[in-house]
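To keep things simple, chains are lettered A, B, C and D as they appear, and every chain counts its residues starting from 1.
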Amino acid sequence: MALLQLKNLGKDFGRLVAVNRIDLTVEPGEIRGLIGPNGSGKTTIFNLITGFIPPSRGSVFFQGEDITDLPPHAVARRGLARTFQLTTLFKEMTALENVVMACHLHLRVGLWRQFWRTARTRRREKAVEFRAMELLEFMGMAERANELAGELPHGHQCALGISNALATNPKMILLDEPVGGMNPTETAQTMDRIRRLRDLGITVLLVEHDMKAVMSTCDRITCINFGNKIAEGTARDVCSSQDVIEAYLGGTSGVCSL
Amino acid sequence: MTRKVWMGLALLAVFSLFSLGLQEAWAAEETVKIGYCAPLSGPAAAWGLPGLEGTSIWVDKVNAAGGLKVGDKTYKIEIVKYDDEGDGAKALVGVKKLVLEDKVVAILMLGGATTPPTQPFLSKEKIMCFVLIASDIAPDRPYLMDVTDNFPAYHLLHTEYIADAHPKAKKAAIISQDDEIGLAAIAWSEAGFKAAGIDVVYSKAFGVSTTDFAPIITAVLEKKPDIISMGASYPEFQALICEQAYTQGWRGIITSACWDFGAILAKVPKEFMEGAVSGFPDFDDPKLTKDHHDFWAEWKKRYPDHSFSEIVWEYMGALDVWAYGAQKAGSVKSEDVFKALKAADTVPHSFGPGKWFGKETFGNDNLLVPTWPITEIHGGKPAIVAYKNLFDWLKDAKKKQILFDTLKAWNIKTYQ
Amino acid sequence: MIRRILVYIVDNFRWIGWLMILGAVLIVLPYMVRTYQVEVLILLLIDIILVVSFRLITTTGGWSLAHVPMMGCGAYATALLTAGLGVPFWISLPLSGLAAAVMAFILSYPLARTTGFAFFVASFAAGDSLRLCWTRFKTPFGGHKGLTNIPVPEFFSSVDLSAPIPYYYLALVITALCLLIMFRLDRSRIGHTFKAISMNADLSRSLGINVTFYKMLAFTIGSFFAGVAGVLLAHRLWAVVPAQFGFVTTLYLLVWVVFGGTRTFHGPILGVVVLTFLSELLKPLFEWVPMIFGTIIILTLIFFPEGLEGLGHRFTPWLDRQRFAAGDEPRH
Amino acid sequence: MEFLFQTILNGLMTSSFYALIAVGLSLVFGVMHIVNFAHGEFYMLGAYTVWILFAKLQWPFFLAVAAAIVLVGLLGLISERLIFRQAHGQVLSGFIMSVGLVFILQVAVVKIWGLGKMKPVPAAFPEILNLGGVSTSWQRFIVIPVTILLLGALWVFLDRFRIGRALRASALNPDAAALQGISPKKCAAVAMLLGSAMAGAAGALMAPIMSVHPYMGHSVVWTAFVVVIVGGPGNIKGSIYAALLFGFLTTVITTWIDSTVADLVNALVMLFLLALRPEGVMGHD
């Protein structure tokens, strides 16, 4: 059974059609790339999937459940996490505090108990902190756990963003330009981590402009333009698609610089 | 270096502020202090600041004459101001400071929102409090008095005068703002019109934040009134009401508690206001006394570009009454003055000898009622055309019944 | 258990020491000032509850202009309960806070869905419609005259709570209690979640935090304490009038909070204390006072955008330099 | 029938006024992200300008209105330069600064021109206008065409001029203006100039038909805020629709019931609309 399925999904802003009618199926354990020129509606699709904006038509299924009209927090609760295009963090908290906050869903202690900080709450909080530290180690930033998130270098901020998403214990994670603005070393590291997500059994859907990174990491790639799907398949399939070449013609990066 | 200079300047500023306070504390031995607790800043200051003009003229006059002779002592008078910002909590702090710190023997206040929080304390301390709103008088506020303004009682007299002078006028509309003052004005005016045999076809309050009177006047004119009463509408509303009534084509008799002519005549022609009825003369009216004329001249000299309002006079009028009470009692102690005033058969009011009234309507005989002037506008200036007495009006039992019924209908408590 | 408490006290000795000194000062304070100034102190304590509960709401990012009407809600509730139904003060105190909280909860449904500017205006409109209801519906709210004859709180018959000093202690105890609860809340995970929301609402959503729910929660809890402040005010003034809860009070509340700063728990308290003393000092200047306040607030925002509390942060590096010069290690 | 026409005329007039005062505020908010609480005081100063120039110095009315537009616009520009620029686009700081400005301007006006009662401003066109049994004064009536004229001029400016287009773009997206090659600072300055000038124009036009006093801005600015958020901040067309909605709502309810109920209904309608569409009824185009 498909893990994530978009059926006929679309969004209009006034007269502007941002996303026309997208059908997309992501299988469990896959790393899927979503590419397309600037303004082709990639981020809008992320927002539609995770409930940040209501779609104009179509529906979203996650693990067979219709999640089209769910608010973002409920989507996250079902195991579908996301990151944001620009590094979005709790900038005035430390890296560790960020991830602890992101473990919110797993505290499972009522408000009243949180207020009184009963022994059970403290035990849970300790456990959460331990888990957060594990996640930071996994993303390779344990030594920076106590630095303010806003003051971390760019690459680490991106890694922290992914750690935050991971902390919700997702089955699937949507990454919006995870290597945007990184130098080649950082990019390689990050893509490596993304591959390790798959080893943890987490399905990935990622939007990225760095074609080299996309081509080398993703199992399958979907290309969209003007809110329509124009190609889907392996890196090689997509590269050879005439539509994709036309869409990217005159773009800054060649599609198939493999 | 510069930091030190700044620090020095700041210290200097603080010290000068303190010395300002100290100056107030140095007082001559034989000085009697009277508190003035009213809004002196913010939007409500229009109700507090003009009163200071009148009281300062009064105080200067008394002190220039050597002071007020009470018994065998002569006292200089001092007004101690406190800005309550129209806020009940600040007013409570204010009256406590005035009474406990400055040892004032009487307090001048506006009345309204600041009365409920301050009265329990002032009653306990037995400090006389003079307000401008008679409807603040209540049985559990023995020392609260209104000795100048006969609002809202004089609305009965205006309406009676209108009925006498314009027998053809049969329908009246009343509008005033939706607050304690406005609602009292509407209720008493309605009673007055009904008692005079005039139908009240519209009587409603408008919100205090109203800026556009077109819809209200449209609704009023739909009822085709011969008379429009503005009750106790504030000056900023009067001109707009007049303008709307004029431009929507209405002609008839207008009445209100008081006027702001400068503003009204800017909006409508003089002829429209001809014959409008109210209860406040300008103090240069030939029918008034030399005292009024002197006061008017002095005030004009001091504040040439201010506009005259009843507020200028009313706090000062209260001081007149207080001085009379103190001289009669031979003491400035609040309770003595109070007893002397209440024991007097008649007390001199600015408009003539006044008698105590209010037991049935407010629960306490603490409103000083003189024979009140009725003014009509002629050529853009108010002129006294008649004097009427509330006690004469109340002699008619039927009218009195109408008054109580109407007040009850407007949810205003009475003590019949 | 006892050992843990002892360890805690030793660990936080500086902090607790300062608190004890502050407590001692607050206890002797009413005997050091004049009688009417005790009245100012009582109002100050009430304002402290008000600003701290206001800050609680701001930690989620929303600046509610309905906070003063919420205080009014508490005041009206206790007036109706104690003067109307004869409920004792000590029962009415939490009940009236609860009344404000319930009102806030209802209003928070549309409010929590708005952000920024829309939240300002919507919360103002919500608060103002409360005030319009009090003036408009004479039963049970008494219209412009408000409600009077609110009883003095009863305590052991030997203590007369109508006198300023005993009432000051009552207000002090209740204020301390409210601050303690709100401090606890601020430091709990709930408080951290509030702050996470104000830092980045979208990220919080994507991490599974129900932002709307937490905003409603903050608004409701903040309003509960505003209601408690209203109860203290009503039983001090023995009367409530709608004019008491007008927009000018709200503006001053904003000025206090901004002047003090909202990042820390103590910031708003600092702001209200300093500005209250300042306004007592400036009292003789009458109509100039609003202008002075306006200037202060603009200059504060331009030169110390973080408010008074930010001064502390600015001061710390300077202190560290001095220590360094004196051969000490900078403190962290 | 007459009653109905009179009510429609009243409603149109109120709506024009709301539109005039709200559009400037919406522009300022959209571009600068400043909630300018002092907008009401700018409106008040526009009215005072007309009082001084037209009522006291006997200038022609429209010349006084033009002077008010220019003067208040410049005041807006100065306050942007001195105060609002320091807020760095933070909504809250900007709002509180404007509260400070409100206190300063009110006290200044009280100190210079006195408190007391309202300032008398005579009607420039006191003749009564009769429209099929419905009567109003020319002075009131001209508010409608002048509003349409001013809004039209604003629209042309925003649509036809490069800087106008940049303003519109930056109201939707702050980065877009930079793409047009116009600095955000310049955009903010122009928005503040235009927004304040609109407030000045509203005050100047209203001076002869409303009461002119130091606190007149207060009751107006909240209505303007409501119109702006219901219309969608920065959305000028939305503001005009919202002005029509609330103008007629206020007029009809005030005529039928009373103005306190009208205020209550306005507040509830706004809360209801916000609960449904938090981003403003019009949303973004």
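Rule of thumb we're sticking to: a residue touches a chain if its C-beta (ideal position, glycine included) is under 8 Å from a C-beta of that chain, and two chains touch if they have at least 3 such contacts.
Treat the numbers as computed from the prediction; the structure is a model and nothing was measured.
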Neighbouring chains shared between subunit B and subunit C, ordered by label: D
Chain hops separating subunit B from subunit A, counting only touching neighbours: 2
Interface with more contacting C-beta pairs, comparing A-C to C-D: C-D
Farthest chain (mean CA position) relative to subunit A: B
Centroid distance [mean C-alpha coordinates] between subunit D and subunit A, Å: 44
Subunit A and subunit C, separation of their C-alpha mean positions in angstrom: 41
Cα-centroid distance, subunit C relative to subunit D, in whole angstrom: 34
CA centroid of subunit B to CA centroid of subunit D, Å: 36
Where subunit B touches two or more other chains at once, by residue number: 43, 45, 49, 178, 207
Residues within subunit A bordering two or more other chains: none
Contacts with two or more other chains, residues of subunit D listed in rising order: 110, 115, 218, 260, 263
Of all residues in subunit C, those that touch subunit B in their complex: 34-36, 39-40, 43, 132, 135-136, 138-139, 143-146, 148-149, 233, 236-241, 243-244, 248-249, 281-284, 286-290
In the complex, subunit A residues that touch subunit C: 50, 52, 71-74, 76-77, 81-84, 88-93, 97, 101-102, 104-105, 107, 109, 111, 114-115, 117, 125, 164-165, 167-168
Contacting residues of subunit D [partner subunit C, same complex]: 29, 35, 83, 86-87, 91-93, 95-97, 99-104, 106-108, 110-111, 115, 218, 222, 225-226, 228-229, 233, 260-261, 263-264, 266-268, 270-272, 274-275, 278, 280
Touch list for subunit B against partner subunit D, complex: 43, 45-46, 49-50, 178, 204-207, 209-212, 214-216, 218-219, 222, 235-237, 239-240, 243, 247-249, 260, 262-263, 265-267, 269, 305-307, 309
Subunit D partner contacts - residues on subunit C that touch it in the complex: 63, 107, 109-111, 113-118, 120-122, 124-126, 128-129, 132-133, 135-136, 247, 251, 254-255, 258, 287-288, 290-291, 293-298, 301-302, 305
